[in-house]
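Working notes, structure below.
Order of writing sets the chain letters: A, B and C. Residues in each chain are counted from 1.
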Amino acid sequence: MTTEENSRNEVEISIEDLDVTFHDNSGNEVRALEGVSLDIRKGEFISLVGPSGCGKTTLLRTIADLQKPTDGMIHVAGRLPREERLMQKFGIVFQQPVLFDWRTVQKNVELPLELMYYSRKDRHQRAKDMLEMVGLSDFADSYPSQLSGGMQQRVNIARAFAIRPEILLMDEPFSALDEFTKEKLHEDLLRMWRQTNKTVIFVTHNIQEAVFLSDRICVLSPHPGRLSAIVDVTLNRPRTAEMKYTPEFNSLVEKVRNSFEGGSI
Amino acid sequence: MTTVLYPVLFGILILVLWQTKTLHAILHTDTFTLPLPGRINAIIADNFPTILGNTIVTVRVAILGLLIGSAAGYLIAVLVVIFPTLGQGALAVTSVFTAIPIVALAPVMNNWTKDVSGVVSVRSAVSKIIVVALVCMANMSINAYRGLTEVKPFSEDLMKVLAAKPVKMFTKLRIPNSVPYIFTALKVGVPSSIITTIVSEYFAEYLMGIGRQIKENILMAQYAAAWAYIVTACVIGIALYALLMVVQALVMRNRKAR
Amino acid sequence: MKKIVKTRWFSILFWVVILAAVWEAAAFHVAATKRNPENILPHLYQIIAAAFSTQKVNQSMTATQLVLSSAATTVFRAALGFAIGVASGFVLALLMNLSGIIEKIAFPYLMIIQMIPILGMAPIILSITGSINVSRILIAAILTFYPVATNTLAGFKSVEKEKYELMASYAAKKRSLYTKVLIPQCIPYFFTGMKISAPMAITAAILVDTLQGDGGLGCVLSQSLRHAMSISVFWLIVFFSAFLGIISWKLMGWLEVMFTPQKRHLSKKKQTDGKDVELCTKEKNRSGKSFLKAGVLQR
């Protein structure tokens, strides 16, 4: 076993018997997650898949310390999520582009770097590189309102990568985009992931997307949210768009679909 | 629970400070200029019929002005939707009326309404109503226009596909859509109509009305009486606002709050 | 030609001309039927003539000089009160956003404040403070305060949950959260509040002027109403105070563009890049909306 494989097998995030219960706006108790145990390896691309209400977003938010666990343990690199968050190890991308209207695209990408006290020069260079990576160099001085939805989401991804996070958390980042943009961004994301080799946790309800991107797929079931299966994606890397038409791909999709409790969604 | 408790406690604190004259010490004033709450209460109780008479004059002007102005504003908004090209300018010109100081409008309107009636109370009321209406009109037209045009995406297209006639477009889509916006306008309109009425009364010919009473009592250095009218004005404002909230809750009981 | 007819400016001009025509028609009617028509409705040209007349209306000044000098006094007082009101409104909104207790205490009173006839209380405030200048500034400040506080608070509340979470994921400090997210985002709301309150501050300053001498537009206005001087001064003041109200409102709009980078960028683009028609119309719609918002957000 080489050292690289060794580090790839290292557990980055360990989740043990996690329960999350919270109250919704009308005061009802929601059991979002129940007894979830999962180990995520360093550098792994892992997807959380399931119908709405299965707690996949809650799981992601609990890892990022945006939601408190009710019971059970989460450790990220041996520390509590809160410690990891305060050490600025997380990068997060939401479903909707969260951009700051009063900042240019360039300045939006620079924002987290400002918070981390990078020098002006480093900030500028880093943001420039990131924008080049997502193909938005020409729009560095535009404002978010001048960009299309797909371009805005690319800025978000560039911003998340800019801080070189140890763990990248993505909550249905492409669900609001059209098919063409989505495919383009899939390729961008995989390329950037390969270059940086960070751990990615990717929430989606799109099975094809999960199969195409991930190393492993965690299938969650609703009411209460629990982990019902983990599917290993055996496709080779680098992934190409043609793979989507192979029998192997389709059988993986089939496998994930059949893992839902009750057979299908 | 604390949402109610904290403000109530704060209110009681202020009242206690006021009644114990601590407030007077802070503001460097005396009980003559800032009478104690108990005294103001007593004056309202003793002069209830007079105060009620003045209140009716003021409330009538405020409500009529609000209703006439809002109706006119809504009509303008409807016309702007029908004739958008010239309408945009009309909307802009109307909205300018909100920026015109009432102090400039009120005396002008007094002059213009001299011939309306031989009876002072009538022509004075007409003058004040016009001023209030002008102020409320602009506010309503802007909000109503948004309500009539900011319909749910594609609902306009849906109506077109169903070959809805322009009239149906209004009665089935635009007008119902504008209802919450009407209330938004009225929430601004209610307080501003009362204040506009009071300020117009300063300049009015007719001697009845809360604003006029505040002014007269102060001229005669009867501060306690003036305070009684100020408290009355606040009570009217809060009462009308509460009434509006009740009406809104009734009208919009089947809709989500905006 | 058709293009010109379709512009916003044309339709504004159209309505201004209509209003002027109605005014003139009424003025002819009044002139034919009344003994002192200039008291009721002078011709527009009479008002313009009065503005340019060199005849002195008091010992030392022409009508225009008098109006302008008293307007300067009024505007200065209004501006001072406005500045104090804006600052305190902003600070209160900030405190309310920082502390739940302060928000709970202040929120209902903020609603009640708009029911209090502050302008009606002007004489009492005068007798409490004992100084006409202090009460003028105080009243302008109180009137300014409410719309700025409520709109700024609405601006803080408009910050989406995701932005808080994004900042939390960066372990951003509270100070950074405010300087980099909350305050920049509330700027347009803050200006909406100022657009509402700027004309109010002018109204307040003029009204308090009428209570006691000491110069100012309101003071001269009540003198001319009592026919202590030429009635043309009255008409000049009416038009000039309307102009002041409108210009103060417009000024806030211009300042808003200056202080909101995204709007500044778009308006710059509009000037330099005339070909980009789509962007222009988009921007026009947007400015039209913010223009409409001015009167709306005062909940």
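Simple rule for what comes next: contacts are C-beta pairs under 8 Å (C-beta built on N, C-alpha and C of every residue); 3 or more make two chains touch, one makes a residue touch a chain.
Since the structure is predicted, the reported quantities are computational estimates derived from the model, not experimental observations.
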Identifier of the chain whose CA centre is least distant from the whole-structure CA centre: C
Pair of chains whose C-beta contact count is the highest in the structure: B-C
Furthest chain, CA centroid comparison against chain A: B
For chain B paired with chain C, centre-to-centre distance based on mean C-alpha positions, whole Å: 18
Chain centre separation in whole Å, for chain B relative to chain A (CA means): 52
Inter-chain centre distance, chain A versus chain C - centres from mean C-alpha coordinates, in Å: 48
Complex interface listing, chain B residues touching chain C: 2-3, 6-7, 10-11, 27, 29, 33-34, 85-93, 95-96, 98-104, 107-108, 111-112, 114, 138-139, 142-143, 145-146, 184-185, 187-188, 191, 194-195, 198-199, 202-203, 210-211, 214-215, 218, 223, 226-227, 229-230, 233-234, 237-238, 241
Residues of chain A defined as touching chain C within the complex: 61, 64-66, 85-88, 90-92, 94, 96, 98, 100-104, 111-112, 114-116, 143-146, 163, 169
Residues of chain C defined as touching chain A within the complex: 160, 162-163, 165-172, 176, 180-181, 184-185, 187, 260-262, 265-266, 279
Chain B contact footprint on chain C (complex, rising order): 5-6, 8-16, 19, 39-41, 101, 104-105, 107-109, 112, 114-121, 123-124, 127-128, 199, 202-203, 206-207, 210, 218, 221, 225, 234, 237-238, 241-242, 244-246, 248-249, 288, 291-292, 294-296, 298-299
